[in-house]
Every structure is written in C-alpha cells, then in structure tokens.
Amino acid sequence: MVNPITTKMFEDMTREELKAVKLKPDTKVIVESISEGPPSIESMYEEYLAAPHVIRLIREGEEKGYDAAVINCFGDPGLAGAREVVEIPVVGPGQAAMLTASAISHSFSVVSVLKNVLPLIRELAQLYGVESKLASARSIDVPVLDLEKDVEKTRNALLEESKKALREDGAEAIVLGCTGFTGLASFIQERVNVPVIDPLPTAVKMAELLVDLNLSQSKIGYPKPPK
Amino acid sequence: MVNPITTKMFEDMTREELKAVKLKPDTKVIVESISEGPPSIESMYEEYLAAPHVIRLIREGEEKGYDAAVINCFGDPGLAGAREVVEIPVVGPGQAAMLTASAISHSFSVVSVLKNVLPLIRELAQLYGVESKLASARSIDVPVLDLEKDVEKTRNALLEESKKALREDGAEAIVLGCTGFTGLASFIQERVNVPVIDPLPTAVKMAELLVDLNLSQSKIGYPKPPK
Amino acid sequence: MVNPITTKMFEDMTREELKAVKLKPDTKVIVESISEGPPSIESMYEEYLAAPHVIRLIREGEEKGYDAAVINCFGDPGLAGAREVVEIPVVGPGQAAMLTASAISHSFSVVSVLKNVLPLIRELAQLYGVESKLASARSIDVPVLDLEKDVEKTRNALLEESKKALREDGAEAIVLGCTGFTGLASFIQERVNVPVIDPLPTAVKMAELLVDLNLSQSKIGYPKPPK
Amino acid sequence: MVNPITTKMFEDMTREELKAVKLKPDTKVIVESISEGPPSIESMYEEYLAAPHVIRLIREGEEKGYDAAVINCFGDPGLAGAREVVEIPVVGPGQAAMLTASAISHSFSVVSVLKNVLPLIRELAQLYGVESKLASARSIDVPVLDLEKDVEKTRNALLEESKKALREDGAEAIVLGCTGFTGLASFIQERVNVPVIDPLPTAVKMAELLVDLNLSQSKIGYPKPPK
Amino acid sequence: MVNPITTKMFEDMTREELKAVKLKPDTKVIVESISEGPPSIESMYEEYLAAPHVIRLIREGEEKGYDAAVINCFGDPGLAGAREVVEIPVVGPGQAAMLTASAISHSFSVVSVLKNVLPLIRELAQLYGVESKLASARSIDVPVLDLEKDVEKTRNALLEESKKALREDGAEAIVLGCTGFTGLASFIQERVNVPVIDPLPTAVKMAELLVDLNLSQSKIGYPKPPK
Amino acid sequence: MVNPITTKMFEDMTREELKAVKLKPDTKVIVESISEGPPSIESMYEEYLAAPHVIRLIREGEEKGYDAAVINCFGDPGLAGAREVVEIPVVGPGQAAMLTASAISHSFSVVSVLKNVLPLIRELAQLYGVESKLASARSIDVPVLDLEKDVEKTRNALLEESKKALREDGAEAIVLGCTGFTGLASFIQERVNVPVIDPLPTAVKMAELLVDLNLSQSKIGYPKPPK
C-alpha cells in the first residue's frame, strides 16, 4: 500500500486502522509513503505532484514480489499510470468504494473533506461509469490534516452530512470520500442504518479478491508505455 | 449458495469447482438446490419460475445463521426480492462479475450460452449501471444442460467468441456469462491475455468481502415488504 | 387482463372502472385474477411470487384465443417472461403509461402508493429507456389495500404529491403509479392542468393499438424459452 | 391530418392507405395538404419551409372542432410549435412510431429514404429520449417522390435494408422511416418475422388513444406563445 | 449576422454592442434583420416562423461573399437548415455559448427571459450533447421586448437568478440565455466571480475561429437538400 | 504554450507551424518545453511524469504576465491541475478540438498515433462530455517520435484511417489526435471533404477567444488548492 503523501503520521495511523480489517490470515499489508510530494491531497494539482512518486513505489513493490498495490487516497492519484507500468493489480479506494456501493444500493452519496475535492469526485464517478448512481458529493469542510485534531467533530460532521444525503439527495448508501476517515464507517453505519463504505479497507479486500481470482487490470486498457 | 435449478448434477459439480477457489480458511460454502422449479435457466420465464423458490431457500439460510447468500446463476434470478426479505448480503454472480470487470477494464464482453439470454444480459448491465462498459454480449450457442457433454467443445467455443469480442467489439476483458462455465476462466485467460472473469467464484469472493467489511444491501433500496 | 393478486375485490372494481374507458365497440376485456400468490404487490418479492401465476393465466388466455394480454399492476410483474411464452402482445401498465407520458411531455413524475415501491419504479424507467424523462418518483404513503378505505384521502394525497412534483421536481405531467388508482386521473387532471396518465386504461388502449396495427413483441427480444 | 408538402398526389394515396387501418367506427380522418411549401421533405431546410404552414392548418383544424392533429411526415415538421399553439393533441409519426417500437422491443432500426435524412432521424431519437434503443438508421437511397415510381423496387430495398439491420446492427424491430412507405409494413413483417412499424397508421392510432384517454400535450412543456 | 426578428430597434443595439467585442481588426460584422417574421422569439412557434427567412438571408450572405453567418438568437432558429444550404460556417449563439461553457466549467446554468423558453433550452442542450453539463435553466420572467425598458431591473434579475443557480443548482458558470442580454455579462461576472458567457459575442468569436481554421459544418451531417 | 516533453526538436517545429495559423496581429505565442520529464507522451504514465513540470511552467507564465496557456499535447496533461493554480485560461488541444468538432458535426472520429493512447482518448471524451459524439478512436500505429521521419507515410496513414472512420464508423468529421500532426489537417481535409480539426491551432484560437471574451476557467470547478 502506497501513501501518496509525505506526512509520515498517516503511515502509523493507517497501519493501526488496518488491524481492524478482517483480512485473510496470510495477507500482509506493507504501508509505504512517498518521500517527495505533497503533505496532503485536496486538489488535482496535488494529485499530479504525487502521481509520479506513487507509480515509482508501486513499480518497486512489484519488483519486491508484492501481489497487489493499493493507493491510500480516495482520489486514486496515479492509478491509470501505475496500472500501465506493472502487471500486478493496482487498486484505488475511490474506485473500489464506489463500485462496492453500486453493488449494494441503487444510489449513494460520497461525503468528503473540503468542497475543493467535490468536482474531482464527480469526475471519478464519471470515469468509473457510476455517475448515474452518484446521488451527491458532499463535504464536511475540514482539511485532511485537521481530521485527527478533533475526531469527535469529524465524526459528527460526517454523520450530519450523511443524514442530509439520505434525507435530501435520495442516497441509499454512504461512501466515505477520504481515506483519512478510515475507521469511522461503523460509527456512522450504526446511526444511519444504511451501508457506509470505508474506502481503504474496501480497497484492501478488493485487492485480495483480485489476487485470489488471479485477475489484474487488462493490458489492452492499460498497455505498457512504449518505451 | 442457492442453485436456482432442480438439476442435482450441478450441485456436485459446483461443490467440486468451488474447491479450486481461494477462500478464507474459515469460509464454508453450503450449496443447496431448489426442489421445485426449472431444470435450467435460459429465459426470463424460467427466472420467474425459479425466483420464489430461490428466495425461500435464502430466507431459510438466514434463519440457519448463514452470513451471506449467493445465487448460482448469471441471471441473478430473484436477487432484488431476496435482498428485500433478508438482512444478510445477497450476491448475484452477474452483478459481481460485471462490476469486477468494470474495476479492471474500460469495457468488457459477456460470452454466454444461448442467443436467447443476450437481451437479459444487456438488461442486467443496464440495471447494474454498467451498460456503457458492455462492449457486447455474445453466445456460443450451446444450451446449459449440454455444456458438460463436450467440455472441450464448450471451451473452444468460449475461446473463439472471446477472441472475436476482443478483435471486433473493442472489449478489454471477458466475463463468462453463465455459472455453468465455472472453472473454464483460466483456460481462456491464458490464451487471450486479458482478464477473464468467472462469475461464481467472483460472487463468492464478493460475499466474503461484504461480510468482512460488515456491509449488506441498503434497506432503503431493498426495503422489507410491508406485510 | 390478468390481476396479479388474489384479492378478488379488485376484480369487480376493475371491471367497473373499465366501463368508463372509451374502447372500440368490439373490444371485450376479460378480467381474471391469479388463484395463488400475494394479496397485493408492493415489493419485488411479491412481484416474484405473482409472476409465474400471471404467466400461466396469459398462456391460457392465448389458448382461449384472446388477442392481447394486460397485466393489472404498475410494476408489470412477469411482463418479460409472459412475452417470451406467448405470441399475442402483452402490455404492462407501467410501460404503457411511462411511454405515453414521454410522448406528450419532456418530463413526468410517477406518484405511487408506498415509499417501498419507488426504487422499483425507478428501475422500470431505466429498463424502459425513459429514465432521462423521469423527474421524480413520489409516494402518498398509503398501502394498496387501504386505497379504497378512504377514497377522498387517497385522492387528496395524490393531488398533493402531484402538485409538489410539478412545483419542486420540474415535472410536466403526472403518471399515477398504481393501477389501484384507476379512475382518479380526471379528478387530478382538472386540478393541476397537466396531463395525468391513468396506467390501466392506457394499457388497455395500447393493447388495442397494437392489435389494430398487427404488432406484437419482437421474438428476437423476447424469444421462446428453449424447452 | 396535415400533409406538410404541396404534392397533392400524396393526399389521395394517404386517404386510400388509411382505409386499411383499423380505426374506431366513429373516427374520421380529414387529410389536408399545405398550399405553400416544399414538394417533399428530405432535409431540415424543407422541414423549416413546411413548418409555419403545417402549424397554420393545425390551428384551423382546432377551430373547426377536430379532436386531434397528425402531421404526415416522419420528421414531425412543426410538431413542437403546433403543440404550443393548440390545445388538441398533435401527434408526429416519427415520435409515435419510435415510442411504439420501444414498447415492444429492446432496440430497433429506422429504414428511411435518402442518406440525407439519417442525421435528422438520429436527432429525433435523441429528442424523444429513445436514442439508447436506436440500433441504427439506414436508407434505401430512393427520393420520396420516386417511391411510387417502382413500388416493387421500393419494397425490395426496404426488405433488404431491414434484413441488414436485423443481422448486422442488433435491431429487434424495424421502423419505416418515411410516411411515404405507408402500407408496406405487412409485406416486410411477413418476411423478417419481427415487428415492422408503419409510422402513419401508428400516429393515427396514437391520436385515437390520446383522445379516448382525454390526454393532450402538457402546457408546461409546450406553453402558449406569449403573444 | 442575421437578426431573426423584424424589430429593427434591435439592429442598432446589436451594432452598438458589437463595438465592445474584441474582434480581429479585419473582421467586419454586417447586421441584417429579416423583413417578415415574428417581432421577437419566445417559443418554438416563433422560431418556425423566423427560420425560412433566416435561411434566405444567410444564403444571400453567402452569395455576397460573406465568410460566415451568425444567427442573433439564443434558440439558434433555422441553424440546421441554414447549414444544409450554404458552405460557409453558420454559428448559433446557443450552441457556441453552451460549448464554451463546457470548455471552462464542469456544469453551467442558463438564465433566460421567460419560463416559456426553458423547455427549448433544455432541448438545445440535449441536441448539442451538453445536457449532462446543464445544471439548470432559469428565467427572469421578463419578455424580450421589455428587456430594454428597465435595464437595471433586467440586470438585477439576471444577477439574482445567477446567484441562485450557483448556490442551489450546482452551477460553476452562467450562460446568458438570450442575445437580448448582450453586454450585461461583465456586470454579472464581476459580482458572482465565475465565468458569465455572453452568447452573441461568443458566437462572433467562434465564427472567427472557424474561418481562421478553415473549418465549416460537415456536409455529411448537414447535406445539401436533394433539390 | 507549454511543450510537455523534453524533446527540443518539437519546439522549433511548433514555432514554424504556428506561423501558418491565422492569429490576431497582436497575439504572440511563446513556446517553452519542460526541462525534465518524458521525451514524448503515449501513455498515462508519461502524462503523469510531465504534469508537475507543465504546471510549473504555466504558473511561471502567469507570473510573467502571459494572457493564457496552451498545453501542446492532445492528452491535455496537467490541464485540471494547472487550471487550479492559475487565474489565466488554460486550454488543452484535446478539449478544444473535440468541442470544436462537436460544434460542426454530429459525430467525429479521433485518429491518433499508437493504439496505446486510444483508451486515454476515450476517457478524455467522457470527461469532456462528448462521448456520445465520439464515433471512434483510431490509430495509425506510428510513435510520436517517428512522425517526422517519414512525413508522407504519416500523411497517408492519417488519410487512410480518416477514410475508414468516415466509411465504417459513421464519423462526420475528423479530429487529429496528436499535436505532432500539426499542419497536416488541410491535406486530409481536401481529400475527405469533411472538416479535419487540427488540435494545436484550434487550442491557440480558443485561447484567443477566451481572452477576448474575458473568460477563464471557473474557480468553483477548478478551485485554488487549499495551501
């Protein structure tokens, strides 16, 4: 798993949170952060800054013999490029979460951090072919790096926006729109009584699924760069 | 797992084929067939004949404490109704396979048994929101109950149609369009060099994924019938 | 015409209401109810319970020499399967009403009984290719079997939701979303000044249209089941 | 019924062909041609030339007490404008035929006169919301005014293109794409075994259906011009 | 440039307003009004009345050696027909403005004169392929011929509806939905801080762009009428 | 104008070719290449490598007082990110060319260099909202850096694929799918008699259009990154 940001703090948090995910006993998740790039990602600009470094780490992961790669950011920065340069499956939490939401509901809302990222999320839904299922994209107006400062505030804001999405936007399920929310899904799910999808664990389980089914990205769709 | 047909032969075959799927060590798949209904499913008419019995078995499964249900037919007969009456996740191989194909390719083709089922497959793609990803639906013109009579013929016909889908229809991946094809995906995948998705194993892994992530169908989208 | 429910009361009501529909003098509508199945339909589960019995009655109707079949439920339960097994045109009120609404408006809303059925109605619109015309699906929160208990309440609730659809959702026409509403369209239409489409009479007139034009469902799209 | 062209010959032909349509005994069709405008319509330019005159005739028809208006051209020239200025339902054969095709098939092809009109037909399908059902638009390369010169040639060319549409384009039904083809549908239908929709009779029956159901175009969607 | 209305007053106004547009030094805009037709356009009916006269003037313009034609009305009356009969590029402000809005935003709203024209605007967006980008169509409820009576009122109403579109409809840009608004864009843009697109100047610049790039409408898509 | 590749040779070529474009007399195009990044772009991987450097150059351009930026690559690498960080309009040739094609045809094909880039081009069409207009994406199977080695071969291959697109795919116009083709459009256009859109000159003219109309990307859609 690649953290596409240079903020090391997230590495430990991610490791901690992944312990709560029910994986296969022989699944081992190695978390690595890029050494150069943005401290957090809340724009396409920062996605572009991160992408080359994400791809490099994934390529190194393949060389080390890892079975799959997961990008630890809802925006899936570098996903298409990484899929071109490696053979192992590369999974993005944004795609994994939105497809899983499509599987268990007719329409879902994504609740994310800042307003800034809402156009990006709508574009992702469009690219992944699920835009007709996207009821709305909402934000709690808290920057990524502040999420942990006041977890209770984050949690309550998420709950509030999730309720609005269900009441006003016709959503049947909620997708948490930032991997910085990892671990908060069950709190929300218990209170809103609809599926709440946690993108990072979903991506890791999706990677397991692909590896176990001997599947990876199509090399027609993601061909090796010519040189 | 519910076999939506009365042909017992398929029960043993399914059990055998599931052994090859890499499941979690503590995952146990119980295969049961409906006792009344069609011998095979190649039309909406037969889906309707099977659906009430499929739903009854799934409800019984929930009462017995099973964690999830999988319907053993690409047409996902009874899926929406079953999701209404139970709380545990109900997975259809058609939906699981087409969403997985969407995750790893930009467009895919479904290769199925008889021409008869092609309109049904296109309708499923529409309902599941992946019609823009469906490059084509093709058939090998062999009825379900004859698939095993000449496995080599089945395999070669599948390979032939898969190649056509890649060459003529712009597909980047192949979805096997019948759970009677279970076990043939790797043969095709080795020869066409693109992902070939086997719907039944994919559905079982998807059920694992949902259970491990504590997710099930939205009860807004699949509400309990009023009486 | 097939009533897909076992509640005989509806049979007489339907016969009564059909008297008010302007049919050709030689058109005769025979109303029959299924003898086994759900008392009313407000879920996919109940649609599946009804479907095999609906199809059996339609097949018998064809054998008796009837010219067309109409399913007396907005959800069109069993429609696709019935179209496969008979040659005579089979008409569903849901499809007939939504296509007629598409012919005379740019966008319409469906007002139905319970919230439960709204996802089904949206799926029908999707399958019938009119989802871009569906402004909204709304409910009056009255179960089918209570519609007749307080007709005035039903009527007023319908009027209320219809007005909201016009004011808030951008609808240009209203489709009554349950054949239990038969006969109430003119009351609403006089008050909202836009077309209000009554699904059952529309389906009967559509059946006349198809018979008079010597048309029936395509047997490529609805092929005879192989055995 | 308004003939949107000045070629009087078509008037008699249309009257003759309408005799074969099974109408209600009390339905009377009055056929009138515009006195100024194009001799035939095979372009948007000619549609625009015809439209103001079509609308004037329809307005006069309403004043004379007619119950509905039908425009005798597959391109539905003047349809939206006519619907604005009158209260009686105005029906276009292009819309009536394509919606009827949508009702009885999953996809259809339109076979028309000249290549020139194919972009117009695709635009109509888009406007009427059925473009996802339009398998293809094909032409027989015969101008409208030559259709009657060699009816057998016309018929055979229609049959040929219809067969291609079924074989190559995935159509399940055929829509004749010119009201100059009126009367040829049964010949084709008997030979291709799928529904062949004749736009003019379909439009007349659709007008009957709307009148009998007391429906007309929505005045929200087709508001009266302000002065 | 063709004014598709007979109200001469607009001719001078248009000439005045075009002076403010930054054109190439050698670009000369000749403004001409149709001599017969509607005084203003606020319905499809009036578009049809204007279209034949618009096309005649454009044809004359081509004969005089003009390089391009622009229709001075947001509804682009006669556009498709004019493109068929001439070789020089014909530009409609509606299309030019909506495509330009698509280029610089993910979604935009059109603010126009009367409610009457909103269905027309939605249909244009559909035909031009930008309906998924159209956040909403709104009106200020002032008829075209009253726009100049109280310019301040017009301006403030435009500003008000623009703000609502941004706040309530998710628009990222505003398209002025009537060429009678020419010159008001900068007032609004300064106050809402998003791009405000003025359709007439945009159409003139688009005509320059096409001429300079030696481009015109495709004669496959807009073929010469057969006679 | 930013060349998103390090191959300096292209700089001079681009300057040369831009001389042939009819710009306003006071328009000055400054061509600069990135100093670090890929030698050519034929994959998402290379787009990601180029993007951060492209954005840096564009930011510097804004600081130098340039009025607009154009990215010299059909894939529009870095476009969204650049639009976030600057206020001046940033134009991508892929978007400019596809929107211009949409303005003058109902459907167009893109003919590009290698098969590798076809999925990227289809994704661009999807993002830009013109996928319903994209008839096909085709390649001539020549890498970017070989285009100039045998210009005649390049030209003939382009002509060949363009003809196929018109004959087999239903295209009405051709978009050259690589800015390395700059200057070849007129050769093709003269031979196929439909508009052939040259992306780089189109982008430059589009930049002029935006500057002259005082328009830039919406800051709601492309908000400034939070830090």
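Should a chain be cited, it is by its letter among A, B, C, D, E and F, assigned in written order, with residues numbered from 1 in that chain.
Basically, contacts are C-beta pairs under 8 Å (C-beta built on N, C-alpha and C of every residue); 3 or more make two chains touch, one makes a residue touch a chain.
Quick caveat, the model's predicted, so the values are computed rather than measured.
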_Starting from the defined contact criterion, work out which chains touch chain D and chain F both, please._
B, E
*For chain C and chain F, what is the smallest step count along a path of chains that touch one another?*
2
*Which chain pair shares more contacting C-beta pairs: A-F, or C-D?*
C-D
*chain A to chain C: how many Å between their CA centres?*
43
_Whole-Å separation of chain centres (CA-atom averages), chain A against chain D_ = 51
*Please compute the C-alpha centroid of chain A, do the same for chain B, then give the distance between them in whole Å.*
27
*Multi-chain contact sites of chain A, meaning residues that touch two or more partners*: 106, 119, 123, 172, 220-221
*All pairs of touching chains?*
A-B, A-C, A-E, A-F, B-C, B-D, B-F, C-D, C-E, D-E, D-F, E-F
*asked:* Per the contact definition, I'd like the list of chain B residues that touch chain C in the complex.
replied: 39, 42-49, 51-52, 55, 78, 80-82, 84-85, 114-116, 119-120, 123, 126-127, 143, 220-223, 225-227
*Tell me, which parts of chain D touch chain B in their complex?*
106, 172
*asked:* With touch defined as at the start, can you tell me which chain E residues reach chain C in the complex?
replied: 119, 122-123
*Sites on chain D touched by chain C in the complex*: 21-25, 89, 91, 95-96, 99-100, 102-107, 128-130, 132-133, 166, 172-173, 186, 189, 193-195, 197-198, 201-202, 205-206, 208-210, 212-221
